[in-house]
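A, B, C and D label the chains in the order they appear, each numbered from 1.
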Amino acid sequence: VKIGFVGLGQMGSAIASNLIGAGHELVVWNRSADKAEALIARGARLATTPAEAASGEIVISMLADDRAVERVTFGEQGILSAAARPIHVSMSTISTDLADRLTAGQSGAYVSAPVFGRPAAAEAAKLFILAAGPSGALDACEPVFSAIGQRVFRIGERPSQANLVKLCGNFMIMAAIEAMAEAMTLAEKGNVSGAQLVEVLTGTLFSAPVYQTYGEILAEERFRPAGFAAPLGLKDMHLVASAAHALRTPMPVLSVLRDQLLSVIAQEGEEIDWSGVALAVRRNAGLQAGGAL
Amino acid sequence: VKIGFVGLGQMGSAIASNLIGAGHELVVWNRSADKAEALIARGARLATTPAEAASGEIVISMLADDRAVERVTFGEQGILSAAARPIHVSMSTISTDLADRLTAGQSGAYVSAPVFGRPAAAEAAKLFILAAGPSGALDACEPVFSAIGQRVFRIGERPSQANLVKLCGNFMIMAAIEAMAEAMTLAEKGNVSGAQLVEVLTGTLFSAPVYQTYGEILAEERFRPAGFAAPLGLKDMHLVASAAHALRTPMPVLSVLRDQLLSVIAQEGEEIDWSGVALAVRRNAGLQAGGAL
Amino acid sequence: VKIGFVGLGQMGSAIASNLIGAGHELVVWNRSADKAEALIARGARLATTPAEAASGEIVISMLADDRAVERVTFGEQGILSAAARPIHVSMSTISTDLADRLTAGQSGAYVSAPVFGRPAAAEAAKLFILAAGPSGALDACEPVFSAIGQRVFRIGERPSQANLVKLCGNFMIMAAIEAMAEAMTLAEKGNVSGAQLVEVLTGTLFSAPVYQTYGEILAEERFRPAGFAAPLGLKDMHLVASAAHALRTPMPVLSVLRDQLLSVIAQEGEEIDWSGVALAVRRNAGLQAGGAL
Amino acid sequence: VKIGFVGLGQMGSAIASNLIGAGHELVVWNRSADKAEALIARGARLATTPAEAASGEIVISMLADDRAVERVTFGEQGILSAAARPIHVSMSTISTDLADRLTAGQSGAYVSAPVFGRPAAAEAAKLFILAAGPSGALDACEPVFSAIGQRVFRIGERPSQANLVKLCGNFMIMAAIEAMAEAMTLAEKGNVSGAQLVEVLTGTLFSAPVYQTYGEILAEERFRPAGFAAPLGLKDMHLVASAAHALRTPMPVLSVLRDQLLSVIAQEGEEIDWSGVALAVRRNAGLQAGGAL
């Protein structure tokens, strides 16, 4: 299949690479073209505008935030200005509101397909894909999905439903981190190490990747460099809150998460991992990083 | 080993039964003696006081709350009034404060060994045991633990450490329930069913028993009869809060949990499951049970 | 002084009327011109565009939200397209972000002058005015302020500072309402009427207008018709949160207020007063409106 | 009237002194008798036990907490062991639960009469008295109340109602402090000084003693020595929470207050004023005491 790909960050590059590996013909675009070099060396063609990348049957975008997606879609020489009418597959974590506007605004079909998985999972073609949109368009995307992910969840006909599920997932992760941080801080003040608590949790009822991954990060206080920076986490929680606001849904745990993220950013700067909320929890209990009082 | 067993509720009866099955000699006591019948039929001897049950090498107590444990231990004809000096193994979910007082007050060794697992796990001898106390005493308890559980976590030398870990675990469960309830309510208002969200979560990063078990309960709104009643959940969160208070550890997610449990009890009565907090979440979003507005 | 006035809602009309009463020459504009009739009858001139209203020394805008202010300022035939360079005095409750953009974008001087006071206070020329901007411009506005308010607080040189103080004030009001609602609900469940509690509070340490006014509303459950509708309150709390987000300031009480406002809107609809959060508090305690269980 | 007085702390001494000044005959008791010297010099008689102090028509107790009140009442040689049957007037800030037990346990009449007012107000006989109990007993107490306070609020027939109102009042004060602290921190990060914000608030809708007193303390960061120490504030919020728990009333603002008090105590120690929660608010926003970043 002839596929356009817009946005070659860490995630985008890994996904695009797997598409080439699966035999697809790729036309790629990125704001700074140098990020495309490795893909070009493997046979991808460089587009000079998002519109040019949107000349095939499918165009995929994988970008940092709403603003970037708006620019490459609605902007000058954006995807919508292309003569072709490709299916636009948006994999970015964006607001449900933008997903709805993208749905309304497309000339061709629009599919939301955000993913769960860190860059390593993207490289290994092990992403979980949350897909929503017209079922015909989803069917047409199957060759793409099978090349990059381990499982596709079809969420519904309305694209923004997939974005909502993605946002709920990120909320759940952040909630698990904060709950663990609170429990580990309490345990530590009672002379049980965080590592010991994590061992018990993941060895019993909480034997899931999210607790294993973040339990280890929290126990070792590996907050820098950030795997996922706190301001990005805050941005995502803000997207959840915008959906909750529009849908009139009070979410008190979400409120706690936002305050804790603000707190750690105010105290530790913008470069810390979102799991660094543990430092805010610890500080409020009179503990410093590293366990010293 | 000659073992006394005090407290034959659902959990205690299942544990005692497995001890008999493993060949131990049991002397049992319960406030209402009729609960002991099935065990006596299988060879257990009935004690008329907790003190009488405390005549062997080990006496286990498995009771509802601090007050019940205080009564059978410090009360008239309680465990401490026995002539023998058995190891007291307290499996109840009690406060760290009481565990410390039990440690100080015992004539023999004292071990805290609270468990994770519902009655079905107790029957199947699949409990997870959190054990803390003098290592000699813990060694002496191994035949007991191996007869009733699938794995023992040794937490430390101070018995109350095991209770603290147990409380942290219950806090983590309740936090997972509340977070799921918030996410599912948001999803539902955005036209994604709770069941669908649970499928995605448990199929990706949240593939742990706690999300599978409670995800299903929440999706089906199976809150009655209660598997673990909301007032018991509130009691446990209160024990966590007491520890957090004593250890000067602010836990904002815990605060949310307590308010939500109060809310669902105020609205639905004392008989509802602790996962019924979902009803409070839903109501605050303008939804009724069953999804109707 | 020749003054333009843009925005003739309840507040704007009352203020404009007092300016005429003080002898100023008014040119007024409103989206629906019929709102201007009473003022025209008293000598005001009707402008057909905001730009036309901005032909004198001062132009005042008093509008519902950021969007409305943006439109009359930056929009076609907006204030900025006027040939004259009047001082723009913005009295609306807007975001600090917009105030900063208005400051940067004006051709003439820009002053923020939001007010405290309900329509009755506006009619009586008893508003409290929070003014910030270049001191020369503030001096030039004194004749305006003295005609409409009882006291001017000069906050600083940067206009958005006045908006920030206004937002803080609205946050404080909402916080006082929520705290009273929680206390009154607790009291009532303990058989002390809300009215009695309010009498004690306002008769002792809380002898301030905000407790007198809202204490009475809460005690009598006078939530409809809305004096200040919950969605407007939510909008204001959202503006506070945006400032708090930009300034990296966690505000946990603010988070509670937003969730409670969402809750009452989800349950009671958009027409209820912002003090109707008391109904959400009551419902979470198992009470209905009117005190029945 | 012959009056016994138990508990000669700062508040108790000031109140007892005013009773002597009004011509009453006093028998006083305190755990450490040296606190009684000034009163004895003015004609009071020293009792060697609380029971001995309870030999007149009325016995007043003014103590630090539930435990102290329980000891002087139910303890050996406590008030209840006296041969006389005086009216027991309990002015301490205690739990509603203890007030109910005191009501049930008294041989004579029992009245709860907690007060609003700091030591200076007690000295000036300007206390606000919240009184509840049988109306005959309240009538009999009028000579006492008029000698020590500026106004009596009769709350009801059940003594614990007065305690509940007192607790609600303390909750309201703490809520006002926290809300101010949040608003002042936000203002400061936006370059408006806390003092300036307080001036606006107290000059407009918040012209009440609580905002004047604490606004000044917060603006000047006068948290040591404590006027009312954070652990006492936490104890009071704990009493409110106990009542809220028993009455099944979720109070999310109260939950915030408790976490903030825990936080400031964990960070600043036990000697800080309860208004020191502002330091926790500031720290979470990345500010240090004294305004430095």
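In this text, contacts are C-beta pairs under 8 Å (C-beta built on N, C-alpha and C of every residue); 3 or more make two chains touch, one makes a residue touch a chain.
The shown structure was predicted, so the numbers you read here are calculated from the model rather than taken from an experiment.
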Worksheet, complete the sentence: Most remote chain w.r.t. Chain B, using mean C-alpha positions, is C
Item to complete: If you tally contacting C-beta pairs, which comes out ahead, B-C or B-D? Let me know.
Response: B-D
Worksheet item: Where the CA atoms of chain A average out and where those of chain B average out, how many Å apart are those spots?
Response: 37
Discussion item. For chain B versus chain D, what separation do you get between their C-alpha means, in angstrom?
Written reply: 38
Worksheet item: Roughly how many whole angstrom separate the Cα centroids of chain B and chain C?
Response: 52
Worksheet entry | Contacts with 2+ other chains: residues of chain D | 244, 248-252, 256, 259-260, 262-263, 266, 284-286
Worksheet item: Can you list the chain B residues touching chain D in their complex?
Response: 234, 238, 244-245, 248-252, 255-256, 258-260, 262-263, 265-266
Discussion item. Taking the touch rule as given, give the residues of chain C at its contact with chain B in the complex, in rising order.
Written reply: 252, 259, 262-263, 266-267, 280, 283-286
Worksheet entry | Interface residues, chain B side, partner chain A - complex | 96, 116, 128, 130, 151, 153, 155-156, 158, 160-161, 164-165, 168-169, 171-173, 175-176, 178-180, 182-187, 189-192, 196-197, 199-201, 203-211, 240, 243-244, 247-254, 256, 259-260, 281, 284-286
